[in-house]
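First chain A sits with chain B, and in the next complex the same chain sits with chain C.
Coming up: the complex of A and B.
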């Protein structure tokens, strides 16, 4: 029953995709020379219609870009010409490091804040003010004080991953069922064992939700950050190809960003399933 | 008086902001191997007393002495069965019990912990379900795991807060029988809250009656004089059963409100709450077995 549903949904997805590609090719088909004179003149006046190649690329052109880049994803011909795999790798490494640093800070701090109403109240105003700041707003300060574009990128990822994880960890820890804590108390369970065997598993689903949100934001932010600081990464690739006016490559990169983002999200979805418990 | 295994002396609990204390001047004792039930209307403070006994909550005044030592904070000496089982849902049934056993005997090997835990799970009839998660169990089975967990640490005393309150009548009956068997085999000392009069009569050696809050008191201590080998199936045939039952129900329905605050309509010494044996007719009372608080018994019963 559900497999039939999946099949039908898949068919509709395929139809939607074909419709999209179809509309796209119709909209971007080469302009024929049968245009009305006045229109051609007008177009010429406006500086358009002269160079057909500069129009929005049709699907076939973008398809070519897919084939070219995916057939050799890891080549490296100097700073401005690297395979898509290498560029994505740079972005993923920055996101990975920034994210792990954020985990290292958010988990212990979130635990402390979640366990102590005093710390919660003390930290809360700072969290509330810092949370809504766009992570890119930190970039100038990071560049100035860290003096390194790579580390600044990582810092921006760190700062944007921090808040959802911190808040969810604190919330998850604070709302662990009183009963479970009382069980641990009546069994005279030590603080470390209580933290790792009771509170952590109890709060794990909430914490992982925070991590999943953080990872989503980090992947959004890395593209913008790399556009700003340049050098390497998928964001830089997009910006570079835009400067080359190579729109097919830009579209290809945009699709890759979406694909990798989806895979990251799915990974966290799997982790989340692993730690979720039914009551 | 302090010869009791556990004695509660002058216990009082007042929540900040709430003006009259929930209860005060609570005195009673529990002997080793005794099964004591406490009955009273909702909100009179039964759970609070149990939590103080467990060391999970502090009393405003008074104290609890167990085995010659003042109770302060929770301890493995007192096992608790929580009202809604309080199993950790991410652990298997076995792991839930093993977690407790490991806390009690940290030096034991994994195998020994598993073997000990399994034995207690088999005792409550769950030998077949040790690898299941709590979510896969029925309410009754979960409560059994909670009981196995509490027994497995072999505490000096067991505290149960309405352990069967959420169960249907059939399941409740079966588990009562199981609990009775285990308690009789292990001579466990038990303090249990219940709102079920029949349950109290079946299980308890004595039933503590608590008057309504605020300012709740121990109104009476009812000794269950029926033979200890009574069972759920046959206790109805004992003429004592109805006398005790009527006495308890009469207290809950008619008398429990007469103790409150300053409108106390009953002469009452909180340090020595009357001990009554409604199961025995006066002429049946064995010669020489004097009621410890006979004069007060009359006052209460004739009220």
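Coming up: the complex of A and C.
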């Protein structure tokens, strides 16, 4: 029954996709070039007659971009022109470092805040004020004070992935069932053992949810940050192609960003399943 | 190494004595290099075989080619030669140079594929950068050792206007002219600046010649750039996208952005910037003063490389090849057809005409003090600097005219003898000797 459902859903997905591509190609049909009556030399200088990217690209053009870039994902033509694989790698490394730093701060702090109502009250106003700040708003400050664009990018990832993790960890830890903590107390379990063997497993699903949200945000932010700072990464790639108004390449990059984001999210989904328990 | 008599009817000036090199200078250079090579090789051989008899015996028994292969596998002759050629050892060889993907950057970019940096023993990485503020910050943070900067930027940075103060120097001007005022196609019949009240213009940066020229142009036509129009800072590569989106009515931007707007049928060239001031400076090759103090030999090597490149870029014969080299994604990432029009000066103006202006852009590297003077008068006029401006002091501190002259004459580039010259901006003369009076002479200015 469920496999039939999956098949039918897949079929509908495919239909939707074809419909999307179909509409797209109809909407971007090449229009007949209007003759301005200008002389041939002028027309040549304006790039008439040659394959010139004007207007929104049709699906075939974007398909070409996919083939070109994916057939050689790791080429390196100097510092400003690298393959899509290398660019994605740079972005993933930045996200990875920033995210791990955020984990290193958010988990212990979240634990402390979650276990102590006093600390929770004390930290709460700061968290509430800092949380809604757009991570990119930190960029000029970071560039100015850290004096390094690469570290600034990592800092922005750090700051944007910190809050969801911190809040979720604190919430998860605070809402561990009182019965379990009481049982631990009657068994005279030490504080460290209580933290690692009772609270951590109990709060793990909530913490993982926080991490999953954080990773999603971090991946959104890195693209914007790299467009701003440039150098390497998928965000820089988008920026570089935008400069050339090469929309097929931009669309290709956008698709890759979506794909990688989905894979990252799926990874956390698997992790989340591993730590979920039934009461 | 003889010098041919240029007045001898029997000598050929273009070629060298042996006929294998394009010029006598090249012949001499090749000879020096060969000599260098020999000196190093004999030094090494003498060290390996203190007794000459042993050396000869060794060569006779194994044969020259085997001996050469055996010895060169042990001793890096190439590296030794490179070291011997250095005029004073380089303090820093691996350099990062920032640039914005526009044709103004041509000389400093072209020095890379042409190997001018390599020839000086420098390993330069060209870093494409997203905007001028970022170029400034990365240079100030020492992520870049040197960078392309708009001609007014080193003045502003040295004075601490718009950023922290950091002494910065202009080694050379990258390009003169080569900018244009572009208007959106909908303004084809609205060419008189008097009717431009309420327009939104994009400029690449506050401290840009573009900002100052556009302000000058508008003010000469009775438009107050501070109150009658809106000037927005937009990084050059994003100007066309903004014009397409209709966010702006036009811009005074660098090439190839101007020609790209025409090529994509979004706008037309209202005037070229040389119609405002023929010979105006645009971008510069700039470097922090500290870097010069710490790395004097690297600085000299860098100077030679970019001056050679500028000399190459000035030659109209090279322009078409330059377009080809600059087009790929690693450098400007623009269609070659666009770059060709910019560099050769034969272009479509967006109004249906083919225009031929070979002087559309020039790469005269000489950093006239008078350029700095004019920029300072306008920065004062528009309120970027307040109080008394010490034109002479600032210009001489920031623009390295004497160094440029020295290295230019070393390379046989005939630098001008004067430091200041009078220029005409929209028909009105600017005398650098009377800079202060000029700055105060404008009716439209920042109140």
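By our rule, the second predicted complex is superposed on the first by the 259 of 279 C-alpha atoms of A that agree within 3 Å, B and C clash if a C-alpha of one lies under 4 Å from a C-alpha of the other, contacts with A are read in each partner's own complex, and residues count from 1 in each chain.
Note that in this section a contact is a pair of C-beta atoms (placed from the backbone, for glycine too) under 8 Å apart; a residue touches a chain by one contact, two chains touch by 3 or more.
This structure is a prediction, so every number in the text was calculated from the model and none was measured.
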{"item": "Comparison of chain B and chain C by chain A residues contacted", "value": "C"}
{"item": "Chain B versus chain C as contact partner of A:201, first or second or both or neither", "value": "first"}
{"item": "Touched partner set for A:127, first chain B, second chain C, both or neither", "value": "neither"}
{"item": "Contacts of A:148 with chain B and chain C, given as first, second, both or neither", "value": "second"}
{"item": "Which of chain B and chain C A:227 touches, first, second, both or neither", "value": "second"}
{"item": "Partner chain(s) touched by A:183 [first = chain B, second = chain C, both, neither]", "value": "first"}
{"item": "Which superposed partner A:277 touches (first chain B, second chain C, both, neither)", "value": "first"}
{"item": "Touching partner for A:119 - first (chain B), second (chain C), both, neither", "value": "neither"}
{"item": "Touched partner set for A:101, first chain B, second chain C, both or neither", "value": "neither"}
{"item": "Residues of chain A that lie at the interface with chain B and also at the interface with chain C", "value": "none"}
{"item": "Residues of chain A defined as touching chain B within the complex", "value": "177, 179-180, 182-183, 185-189, 193, 197-198, 201-202, 204, 275, 277-279"}
{"item": "In the complex, chain B residues that touch chain A", "value": "54-56, 74-76, 78-80, 82, 84, 86, 88-91, 99-100, 103-104, 133-135, 153"}
{"item": "Residues of chain C that touch chain A when the two form their complex", "value": "101, 125-130, 134, 137-138, 141-143, 237-238, 240-241, 244, 260, 262-265, 328-331, 333-335, 337, 341, 346-348, 352-354"}
{"item": "Parts of chain A lying in touch with chain C, wherever the complex brings them together", "value": "36, 38-39, 41-42, 45-47, 50, 52, 54, 77-81, 143-144, 147-149, 227-231, 239-246"}
